[in-house]
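So, here's a batch of structures to check.
Presented sequentially are two complexes of subunit A, the first with subunit B as partner and the second with subunit C.
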Partner chain A sequence: MSEQVLSSQSKKARPRGLPQINPVYFILAALIVAIILNNPAFVEPTGYMNFLKRAAPLAILAAGQLYVIVSGGFDLSVGSLITLVVVGSSMLSNNDPSSTWWVISVMLGIGLAVGLINGLVVCYLKVPSLIATLGMMITLNGFAFMWSGGAPRGYLPDTFRFFGRVNIMDVPVIRMLPVAVIVLIVVGFLLYWLMHRTNLGRLLHAVGDNPRAALLAGVPVNRVRITAFVVSSLSAVITGILLGGFAGVSTDVGTGYELQAITAAVLGGAQLLGGRGSVPAAIAGALTLTAIFTLLNFLGLPQPVRQVVQGLILIAAVALAMYRRKRTGQ
Partner chain B sequence: MRKVLKVATAMSMVLAVAGTAAAQNFNDPEEFARQKEQLSMTPQGPEGQPWAQYLVDAMADTAQYKKDGPYTVCFSNAGVNNPWRVVGYTNMTEEVKLHPEIGNFVHVDAEGSDDKQIADIQDLLAGGNCDILIVSPNTTAALTPAVEAACQRLPVIVFDRGVETDCPVTFIHPVGGYGFGIQGAQFVADNVEAGGNVLMLRILPGVDVLETRYSAGRRILEEAGLNIVGAEFTDGDNAKTKSIVEDYLQRGSIDAVWMDAGATAVAAIEAFEDGGFDVPVFVGEDQQDFLQKWRALDLTAIAPTYPTYQWRTPIIAAVSILKGESVPGPEWVLPQPAITAENLDEFINDKMPPLHYAMCGCEDMPDYPKAWGGSE
Partner chain C sequence: MSEATAGQAPAARVRFRFDRWAPALLLLAAVSIYVGACVATGQTQYLSWNNLLAVLGRSIALGITAIGQTFVILVASIDLSVASLISAVAVLASVIMNGSPAMIVPAIAASLVLGATVGLINGLVITRLDVNPLIATLGMSLVIQGCLSAFVSNFAGAVPSEFQFFAYGNVAGVPFAILFFFALALVAFLVLRFTRFGSNVYAVGGNQDAARFAGIATRRVIVIAHVICSLCATVAGLYLASRLRSGAPWIGANGVYDLESIAVVVIGGTILAGGRGGIWGTVAGVMIFSLIDSIFNVLGVDAFVKQVLRGVIIVAAVAFYAARSKRIVA
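Presenting the complex of A and B:
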């Protein structure tokens, strides 16, 4: 808190007029310029639309993860929930195109249940979220494995894959518009509105910043936290639907996504342990992460060099975000 | 961050390989030539049962191991941690059911860990119930001492990956990684004109059976004057595979795709489809989803195989050895056929799961297709 008091003073001292812009947007812009320099075809719609399509799942997941981070927790269960959604959907749909709607409903139901359980365990059993969701991650991985037997058992029908795979062609100006990008815009706006334009968003920030103070101020802390976990799990279900649509069934599709989502949120300036974060910046963080991967692909560096560069860029970007926050308090 | 984990894994694998087998050569011209020759050899043994056939005509005498049944057959398995091994292990358990002489089949799963597998083998030996030990080693060098110790006590059969000792009664394996690389690349060389662009997709660096596929493939493509536009690691991940191919398509045309394993072949094909490109000459593997896509799109393609029927052979060998019948040895080299346009239809069964390895030699077994996850 003291940091914030200090920062609000330093803000006053600052000359007015220059708006504070989150550095993640500059990093993203720089990476995109670098990509275009390496591959001029990127400015064509197929270039940037494919990029957005590829980034959409992670962007939605990061925006959902942000809810839990802002409320002061972590959600490590999202990666294995993605896997469960993809594997489960392929098992349930049994290649029947008309099953898509009820399968998606069942998956959202599973997401709701997982989020509720995560939230209840954290709030009422007082298990730290890191451990609670780690346990959930292992459990869901086990479920996915039991369900599939270790190898995919079925396909996803084209009606299910519509969301992650199909590009709407012959759109004026942009020529092609992937359905995944529409999903990203809709879900992204919804999550933005919920976080930054409703009371829930304010309560989330209050709980994450100082749960004790929030409780004394009459905030229903447990309900707010549980809501955060539910939002995160539902975003993971949507991510799973997009990923399964994009590339089909595999049994390790969600592996590592939990850490990528947290990284994206932190790149977007979210504060681990709660109290600060922005949905648009988390989405920009996810685009930045995807841009790093894409740029390194385009540069054609050997794999080990690529991984070293990738790690260094990540650390540098997060360090920059932290430095800026210290300086400006934002 | 997944990438960071991959780096850690990759580095530990590189270190493991470098530490244990610094002299390991993944581009050995002699082995390349030998496997190339074996690909065209006519196998000996029962017609139409490649899992019981052999290419190298040398037999191991097993009279000293003859004993009365029922037998306890013990199996130390490196893991059932990928779809290939899932299919293979099913083949094995179904083969066991065909042999009434086997009273007891003991399976221990090392879950991909050298340490656990070494301990597993020691436990099996200490238990003293095994009449014969089958080992599918997790890594070659690390498991060698454990296998040597087992050889002192009972007959041992090694299959899939090898060990650096000739003490086992027989080492069962198909032709090998060079052979796999040759079959696919030769098909590309025969179907794409010199100067054509070939994209090579690989799973991971540092795994011997995959490195040899790549070195053999690359050698053939280069000799044919083809232009290798890139060799990329996919981590066996569908989404990453599709993204890589999309990126390459933005930068230029691709006349052929060579893969060192086919699990993500359909994702790579979809990158062409979704971008509105014609699917070029393709090298996949014997996974059902790839074979079905191949037929549906009428591709110019080939599916080299690392046949899962090799999981049946150790059980057959175990029973023969305990009966004192000679078996091919010290190496039992199984034929390694490729699926081509001519025999594609024989291997397609749309009731099977997407990553069912069609070269399983399992179609005539009693519990097919249910035990392999197929629908009736």
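Presenting the complex of A and C:
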């Protein structure tokens, strides 16, 4: 709704009434062209499908994080929740292939509980989400260590790793289809529908834009915000299941993912402190971030350079978004 | 007594006084738990003056960083780049000194220049490019860490024994570092309380637009606050170099100085939204943090359980006074 108001305002400011397309799609397209120039094999299905498979966990996580960002908060606890999911699954499944389904249910239950606690602490104890989820991050890391006794043993059964690792071969046209990409499409569509086609999405935007106004307008602010944290935690659980599939068990699988997810959402034009954001753009942001890393790998640049580039891109993306916003007179 | 007055006095006044004394109450609670734990477990040897100094001495670096962070949070900004800056300064200083006492002054000068530059860039990116402070300083942190790890991967350089006075020296039976910390806190308090800049900090943090309309150069205040924060992180880096006798590129990240300094400031009653709080709250927060660690040590809590409890305590401490607020937090 606010998008329409904005575009009608900006039409006056800008002489050319070009439809506003989120710049992240152009950046992503440019990066993909650059990758193809560097590595022509990328146009083969194995090339781009492996890329999508690698990007899927971050994309799902970013889409979930977007819910919290749009509602005006942060969720720093997702990285350690991923770690807890991977470590906890390996402890629970105990190398038993038939355990996969109930282990996944337990993990989703843990995600639900973590999201609920985050939301309740933020809404009713009035702890800023930065601190509340930071505390949750430290706590969950501690739990992951406690559960595994510091050194996770065992490994995940193949039925569990199915989601992150298996490629379905002999698919017509595209030849191979990783299960992770199917998960990304299903979860991505679900989150898109929930954010952009339901009342919940509108309420999330309203709460993030101006919580006081939303409250006065009769929005159940607390319920909406708690839902956002629950969605974010559940997406982290799904990410953890995918990452457990291809990364294996360790106590630092999730480290740094919370910041990457926020970066991806911001690259996708989400406004920190709420009120604006789009799920497809956040997923595109995650793909962009992965594409940047892929490109830097192809160019043979070492890990530290990746960090510097990530930092500069993060600042540049937000600066550009703010510049555009100012110029279009919002 | 406060219960009795609560019934009659206007609610706003009671809340104000509670806010003001909350850090002191928390500190008192932490001290009494510590004393109680020592007495209950029969470890009364931990109640000596020397042990108190040792408890304080463990969190000097965190304390110095948190004093700087207080300024930034008071202007409603935040600085996540302190941890990387601490590592960078520690490495830079110890590489320049390289064991020779003659190089102490150039090393300190170079470190301060580095710190001031980082703070200046942070401040300018935030005020001129309108980048959200969280993103700007997070990006800066990635850039610093990336540059640093491109050059060094382990302890580099050496600190001459003269410079180790900063961490290990004694003045009149009290460790120099503790005296330095309290002197720095006193200076910061005086600046915030009695200078024009100090009151500008509160004005800008309280309501940036109102401050600008009142004729305050809000951008300049924010930039200076960031420079102060980075300089404090620089001093913390020098202290750590002196304490560890060398600098390594992971000492800042290992100490989680970015998130912990924010947590300490918030536990000390400074509000993340800016404009309310102060230095003595932060000092109390630092003491609470080191007391929590000592309590765990006295009780012999398992390292992983310790981490879980730490996360819970951070959230509980902030909730302790935030829960009464009527505002909707971010």
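Quick note on the criterion: the second predicted complex is superposed on the first by the 301 of 330 C-alpha atoms of A that agree within 3 Å, B and C clash if a C-alpha of one lies under 4 Å from a C-alpha of the other, contacts with A are read in each partner's own complex, and residues count from 1 in each chain.
Convention: a contact is a pair of C-beta atoms (placed from the backbone, for glycine too) under 8 Å apart; a residue touches a chain by one contact, two chains touch by 3 or more.
No experiment lies behind these values; they were computed from the predicted model shown.
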Which of subunit B and subunit C A:G248 touches, first, second, both or neither: first
Partner chain(s) touched by A:P45 [first = subunit B, second = subunit C, both, neither]: neither
Partner chain(s) touched by A:Y257 [first = subunit B, second = subunit C, both, neither]: first
First, second, both or neither for A:G150, with subunit B first and subunit C second: both
Which of subunit B and subunit C A:V122 touches, first, second, both or neither: second
First, second, both or neither for A:I131, with subunit B first and subunit C second: second
Contacts of A:R54 with subunit B and subunit C, given as first, second, both or neither: first
Which of subunit B and subunit C A:G311 touches, first, second, both or neither: both
Contact breadth on subunit A, by residue count: subunit C or subunit B: C
Common ground on subunit A, meaning residues reached by subunit C in one complex and by subunit B in the other: 150, 259, 262, 303-304, 307-308, 310-311
Subunit C residues touching subunit A - in the complex, by the definition given at the top: 78, 125, 129-132, 134-136, 138-143, 145-150, 259, 262-263, 266, 272-273, 302-312, 314-315, 318-319, 322-325, 327-330
Subunit A - residues contacting subunit C, complex: 72-74, 121-122, 124-132, 134-143, 145-146, 150, 211-212, 215, 221, 259, 262, 266, 272-274, 302-315, 318-319, 322-323, 326
Sites on subunit A touched by subunit B in the complex: 39, 41-42, 44, 46-47, 50, 54, 149-155, 165, 167, 243, 246-253, 255-257, 259-260, 262-263, 293-294, 297-298, 300, 303-304, 307-308, 310-311
Of all residues in subunit B, those that touch subunit A in their complex: 1-7, 10, 80-83, 86-87, 205, 230, 232-233, 236-239, 241-244, 246-247, 250-251, 263-264, 266-267, 270, 274-275, 289, 353-356, 373
